[in-house]
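We call the chains A, B, C, D, E, F, G and H, going by the order they appear; numbering starts again at 1 in every chain.
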Amino acid sequence: MKKVVEISHAIAEVVSKVGPKVIAAYPITPQTHIVERLSELVANGELDAEYLNVESEHSAMSATMGAQACGVRAYTATASQGLALMHEVLSVVAGERLPVVIHVANRTLSAPLTIWNDWSDSFPERDNGWLQFYAENGQDVVDTTIMAYRIAENHNVLLPVMINIDGFILSHVYEPIDMPDTKDVKDFVGEYNPIVKLDVNDVHTIGEYATPDNFQEFKEEQWNAMMAAKDVIKSVTAEFKEKFGRDHGDGLVETYNLDGAKHAIITMGSIVGTFKHFIDQEVDDVGIIKIRSFRPFPREELIELTKGLESVGVFEKVISLGLGGPLAHEVRSVVKTPVMSFVGGLSGRDVTLNDVSHIFDKIREKKSGFEWIGSKLK
Amino acid sequence: MKKVVEISHAIAEVVSKVGPKVIAAYPITPQTHIVERLSELVANGELDAEYLNVESEHSAMSATMGAQACGVRAYTATASQGLALMHEVLSVVAGERLPVVIHVANRTLSAPLTIWNDWSDSFPERDNGWLQFYAENGQDVVDTTIMAYRIAENHNVLLPVMINIDGFILSHVYEPIDMPDTKDVKDFVGEYNPIVKLDVNDVHTIGEYATPDNFQEFKEEQWNAMMAAKDVIKSVTAEFKEKFGRDHGDGLVETYNLDGAKHAIITMGSIVGTFKHFIDQEVDDVGIIKIRSFRPFPREELIELTKGLESVGVFEKVISLGLGGPLAHEVRSVVKTPVMSFVGGLSGRDVTLNDVSHIFDKIREKKSGFEWIGSKLK
Amino acid sequence: MDRVKIEVMHMNERYEKLLFKPGHTACAGCPIPIIVRTVLNTLGKNTIVAFGTSCLEIISSQYPYNAWGVPAMHSAFENTAAIASGIEAAQKKLGNKVNVVAFAGDGGTFDIGLQALSGMVDRGHNVLYVVYDNESYANTGIQRSSATPFGAWTTTSPVGKKIHGNKTFKKPLALMMAAQGAKYVATASISNLPDFKRKVQRAAEIEGPKFIHVLNPCPTGWKFDSSLTVDVAKLSVETGLWVLFEIDHGKFRITYKPKEFKPVRDYLMLQRRFKHLTDEEINKIQERVKEDWSMYEGLEGVKI
Amino acid sequence: MDRVKIEVMHMNERYEKLLFKPGHTACAGCPIPIIVRTVLNTLGKNTIVAFGTSCLEIISSQYPYNAWGVPAMHSAFENTAAIASGIEAAQKKLGNKVNVVAFAGDGGTFDIGLQALSGMVDRGHNVLYVVYDNESYANTGIQRSSATPFGAWTTTSPVGKKIHGNKTFKKPLALMMAAQGAKYVATASISNLPDFKRKVQRAAEIEGPKFIHVLNPCPTGWKFDSSLTVDVAKLSVETGLWVLFEIDHGKFRITYKPKEFKPVRDYLMLQRRFKHLTDEEINKIQERVKEDWSMYEGLEGVKI
Amino acid sequence: MKEIRFHGRGGQGSVTAVEILAVAAFKDGKYSQAFPKFGPERRGAPVEAYCRIDDKFINLRTQIYEPDILVVLNESLLEIGITKGLKKGGTIIINSSKSPEELTKQYGLNGFDVHSVDVTSKAVEILGANIVNTGILGAFSKVTGLVSLNSIIAATDEKFSGDLKEKNVNLVKTVYEMAK
Amino acid sequence: MKEIRFHGRGGQGSVTAVEILAVAAFKDGKYSQAFPKFGPERRGAPVEAYCRIDDKFINLRTQIYEPDILVVLNESLLEIGITKGLKKGGTIIINSSKSPEELTKQYGLNGFDVHSVDVTSKAVEILGANIVNTGILGAFSKVTGLVSLNSIIAATDEKFSGDLKEKNVNLVKTVYEMAK
Amino acid sequence: MEDDLKKEVEKKVPNAGGFMIPGTSLLNKTGSWRTFKPIVTDKCTGCGICATYCPENAIEIKEVDGKRRAVIDYDYCKGCLICMNVCPFKAIKKVIE
Amino acid sequence: MEDDLKKEVEKKVPNAGGFMIPGTSLLNKTGSWRTFKPIVTDKCTGCGICATYCPENAIEIKEVDGKRRAVIDYDYCKGCLICMNVCPFKAIKKVIE
């Protein structure tokens, strides 16, 4: 049913439809509305789960993985400092191949302390074996959540998934969302069917200590699983379209106005909406390549889509201090066209239509370079 | 004086010569020998500092920053899970512009749990505003440590520095090191002279809360400081050579056998030694570009040094799962030549001379691509 | 060296002297500023503060505004005690005799900051740690902490058909700190400022780790009218729900005993966070007060 | 579903039944396996274990070798109690009535894991948490933890000209857990296995968070001959340094009192980690034992 | 696309107001988007909340710089210059017992289309408290015609439970009638 | 470059042995590099330690696969196949009261240059304990000639303090004399 | 205002990150938060209890017309009305803003 | 050995990461650790105390020649000699390996 809801509440609702058995969360702005709603659903008996008020995010992720290791789905959500405090455990979850699905309401990492949106929290997690999706709007995050379980739990993948939504800009926004029926969701995601679990009737141990003799192969297997995830993402996305009628490209990337365009802006998350709005108003030479799946990185897809383009720009809400825009560097390392790198929107700095106009003009100059967007310095 | 010492002990010794007033450390293999030796120096009264046995790395870094904020030098060292647990605080230290200098005895991030060397601990910290140096051998780390204080504390920089040494491969090795006199060290690093400190006679507050109106500029200033650090690194390195007679290139990169070479291997840390050894035996067409300063990234230097080369290879002990070798991607995003990406040596997997020979052969093929080194899978 | 000095306009003499200044952004009726200034005024200017992410950070330090009148440092949420440890160690080495005070909320103390606090006590740092306890993560919108009392509504201990508010009783952190061996441990209330001040003074005299736990009635989270802050604080004491005691070098002493205990209902019903409570639940709370008092009275004079 | 089953060669019937198997790589003479099997044998096969990074992880789970005979999970160092919490919650939802046990070292419990433990107790998980206390971070080479006793040498409380071993007394974690309200708290020794087993049994009967603290004499870190492990354990009890007690729903009881206390020197001098101690320091420890016993005896029968 | 900005104080329910408005617009067959001024809302402090209404899905995620309509829950807020950015000729709906003319004069609102309605007194009457966030939506519907009364009523009805449901609906209707 | 591998048990001081050897070689004007088998050393478990000696700074950081020389602190370790990789004709120095011939036969050491010396009995005599890590370096010096006795003595002297200094130096000298 | 202050800071030091000038909160006039305004009436005895409790430190006891009484700084008073409730003499009344 | 085991695991499941087969430590014979070897002498009464304490679980009380006594599994015995020290009958002696 389509209705106007706060995106955070929509997330809680769709997660609840999937039906995790254990939720362990620690509050942090702007993730709070998601988990508060889940705790309400539990308190009302609408969701049959244990809701654990853990004492830190480190424990939130740990309790989540402990529960998931028992063969049930477990859930948490976080942001910023919270994700940072989970950092150590995140890589353990991936290494122990527990297909946990979480949401991150992206928010800047301190310091200075701030509660607004950018991607400085999730980007440092880009090496550690988590799949990362970035959602454009409420519908996107709901649909991606449903697909995420299928992707993560696939036996060729068995890796955790982080679904990123821009904090406040999405998390606190009310907008129309088509919320699928519980039965359809349950049918689509199916039962969780792990290969190994903590079970007194079938004894296994999880969490080994590896040596130089055998460690590297564990990582290679994770690498292979990440590569395998690409196909899984594509097929699950296709199946999703068939069942629910909504199109999300091939699951890795989506394009907008790209047919016949000479240039493209490559970016992720909610800012895609603003770019679309601007293009709808007045642009035909610039298209959008939206990265849905930041990890696995859509290498081949970007190569293919940028073929024949005169130039591209990468807009990102994060800076790798001492390097530049990290996404721009990744894109540059695979595409052939000149890449203009734009960094802006840090910690909720609004990216205005003027900014967008400027970005497009810059891209049309067909140069490589780096620029701050929305800066007040000088 | 030149003597054979364990590199960890050499680190403790040189840090002690600089003379931090507070040391707050938490044990983790393979960092232990550094801080154990420091605690001995304190117990013996040879180093006049408070040694705090903190209860976690989160607190180690926090107590270190609290002390440094009072206008004294403070020290800690860590590795792997410990660095991961500091993750949240690391970005705060950089954001609050406290020029702390630490050592990381690089070790793989779990899971699987393991104690051996690779760079999966320090690479996730590559965005957060810390300068990162990678040391090739004992002498390198001693010299880099001395220079690091000058660089970090420079008023145009005021950023923290992480000096990375390969765990075990360097930390636990005994080799000849020329240890400068205490007086020379003290003269070179000078007094710590912060702009602001916690002082009841001159009241300032550290650690603000910023809003979208002003946050981005804080990051831009950090970015500018990182860029400024390049020049500071160069001039401090030149001054160091003058005072101590040892050459460390321009401080950002060093080369070996590059004159007249057709190809180059780009890498960092202790593996450079093995490459040198191999080149000394039988190679003249391949040179080495050693990155000393991973952050700030030596962008211009790499462009300049690779000009005219037919191909380069990047060897790194870390994988960004779902992307590839992160260093290779950064290199590829700036250089024009074909870049072959090699990932190996994960968690202490030995990189043998056979591996090196293979790597060089592959580079000579002048292709771009990705390959695991030392894999047992298949 | 080029020190930074900026004249703040409108700084009249009275405000100049304040150690926590107006213009902070606490909710109307919030007692945090009362707590902070009571501590600071008692200790004086020779004080350095470490404070954690919390309402206190947001209300005191929104760039470019700053309410502090003493050197103060914020770094993160859970590391206040560790920051304070580092500050204390450095000041010791610098030969400065200053008071080091840590301020944090209950979430930053009972939950995510407990370990750093216990570490600080273990190492024996000469720090006064003050927790202002609004019985929730208030800054993030009133979520349950382990200081949230039994039955209280919060956004993560909601009142639903199956679960009726918070299921647990408040973590007795002061007792735990005393059990660990903090040199001085006390509870305090803004409704009894002389008692509070005396405790801060006593703490200041003692070398080593000190811990003061102050109840912080939060109009926003507890859902009472902003004018009732002091009344709510007073009722917490008069009903016996909030016990004023001190543990000086392990010796336990109750510092205020209501002549006659008011029924807990009087306290609970002032606050909409408790409005759903059944008689049974209120009785359970009333019983618990009795038990607690008998436990506390049993501890009087005992060394822990 | 394709379950994984691999026949382990040489698995004779006796080894088949063991819940912690030989071939583990504990140092010769290490009592960790004794502690682990005492707990597991008392609880039986219907048990799931969470364990932290520590000697126990390294000795039990070096890929591809594994010593466990019950489902067990390791994830990180400081989160054992949180992992156990998650396991317990999931098992509850699955409707399984199993024992959930957490094992961790003193470092992973007193220091870096304290917060997770306190959180677990706060939420009331039905978990038995067992800390084996070798009074140091043994796995990383014997560094000081907050369980390291006064005067002991460790690599980070070294014996130097200015500082003479560890400066602090052991953190009284069992008392802190009791103060927090853990349902059952006890100390135990491998030199008194019947007492230890009974405590595990009692803990198993109780629903809620339970905490057992076992001293783990470590030949490597304490520097005594590997054959003396049990003797050292026994002396710790007979000198009164290691007090065997339990706190059952807040009620304190000493479970073993030596008929005659041996001088602490007998215990200390067996271990080279104490060999530098002066008479004065030894007296200080002896005094502390007296104080502690008078405190403990004062607590008998008291409800905390 | 119409852009609307609400002004209130922390604790007054401005966010609920824009939520209801967005839900109501959607019920009318339009697309909508509502969001608060991102940041911690301290009780008592001036706050803002926003709503966009359009005929197609709203992709735009920028802040609202030049609103078409201003809704002011508290007259005293006019003292702190909240008309910033309001389009020339834009609409202002103010909860106040004063007349539009008085308000225009007092706060210099010339050039805007000023409306006022005394929600407070009705709220005190009907809800027993000075809670005006729902009531003023009645005025919004009447004044702007952008969202139907029926939809506002339906959205209000969904939002509340117990006797608050009826009372708020009642208030919306009453204010609708009063407004002009 | 010469590569040397030591075999001992956790707790026996193999790392100290290679450290002293490396220091001694440096005193002889050579370059050296010493390192343990990386990993947790459990008391009692078989362990290895390594040393490289060369005329120039040693850049090589690989493990040692084909040592030139093996030093065995404990005869019983020969049972677990520790000669793996030892170069053909390579040297083995074993702490044992048995003769090289006996050992060669018992453990199949043909093709290697086997030396044995009973360090244990001298260690018990001089140090009062079965600690053989320093003593065997005397044999190393004598047998290989790679590092001078004087340097081994000097390095040993630096490593220890108190009466252990003298005793260990004494042991080194004694074993040097015994070895052949 | 903010920008001025920030520029001021930047002029003095190269790196403005990481610290703040104390006392600047005085620039943030919270008087605009009030819905109700406390008014000190003539019943005031100048006892000072209200001042002890005002979270904004907005009450000063001053000599006014030869009599000590509470004076409220409406620049900062947020109108919480704690003063009204704690005054033993009911000397403070509220009016709507 | 390790490789065999790993391959075995891989055959059965696509992703070997994250779990282990319990009991495989039995493949790791720690007998090689011994410097000293405990020998059970005829004084042994079969009381079983040593078995209670052996950290390796390497002692079994068995019927041997019609008499119950301690039997040590030297595959795993690390030679710690705890057994020797706890035996009330001094029935275990040590020999050098």
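In the analysis below, a residue touches a chain if its C-beta (ideal position, glycine included) is under 8 Å from a C-beta of that chain, and two chains touch if they have at least 3 such contacts.
Computed from a predicted model, the values in this text were never measured in an experiment.
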item	value
Separation of subunit H from subunit E in steps, with touching chains one step apart	2
Longest centre-to-centre distance from subunit A, chain (CA-based)	F
Two chains sharing the most C-beta contacts	A-B
Far-end chain from subunit C, centres as C-alpha averages	F
Between subunit C and subunit E, centroid-to-centroid distance (C-alpha), Å	39
Whole-Å gap separating subunit A and subunit E, where each centre is the average of the chain's CA atoms	34
Rounded Å distance, subunit B centre to subunit G centre (Cα mean)	51
Chain centre separation in whole Å, for subunit H relative to subunit D (CA means)	23
Touching two or more other chains - residue numbers and ranges from subunit F	38-40, 44-45
Subunit D residues counted as touching two or more neighbouring chains	2, 4, 25-26, 28-29, 57-58, 61, 63-64, 66, 68-72, 74-76, 78, 111-112, 114-115, 118-119, 122-123, 139, 146, 219, 226
Subunit G residues counted as touching two or more neighbouring chains	2, 6, 13, 17-22, 30, 33-34, 78-80
Residues on subunit D engaged by subunit B in the complex (per definition of touch)	53, 57, 63, 74-78, 110-112, 114, 137, 139-141, 143-146, 155-164
Complex contacts: residues of subunit D adjacent to subunit A	1-4, 45-48, 50, 57-58, 61-64, 66, 68-76, 78-79, 81-87, 89-94, 96, 98, 115-116, 118-119, 122-123
Contact footprint of subunit D on subunit C as seen in their complex	111-112, 114-115, 118-119, 122-124, 146, 167-169, 171-172, 175-176, 178-181, 295, 298-299, 302-304
Touching residues on subunit F, where the partner in the complex is subunit H	9, 44-46, 74, 76, 79-80
Subunit B-facing residues of subunit F, complex	18-19, 22-23, 25-26, 31-36, 38-40, 57-63, 65
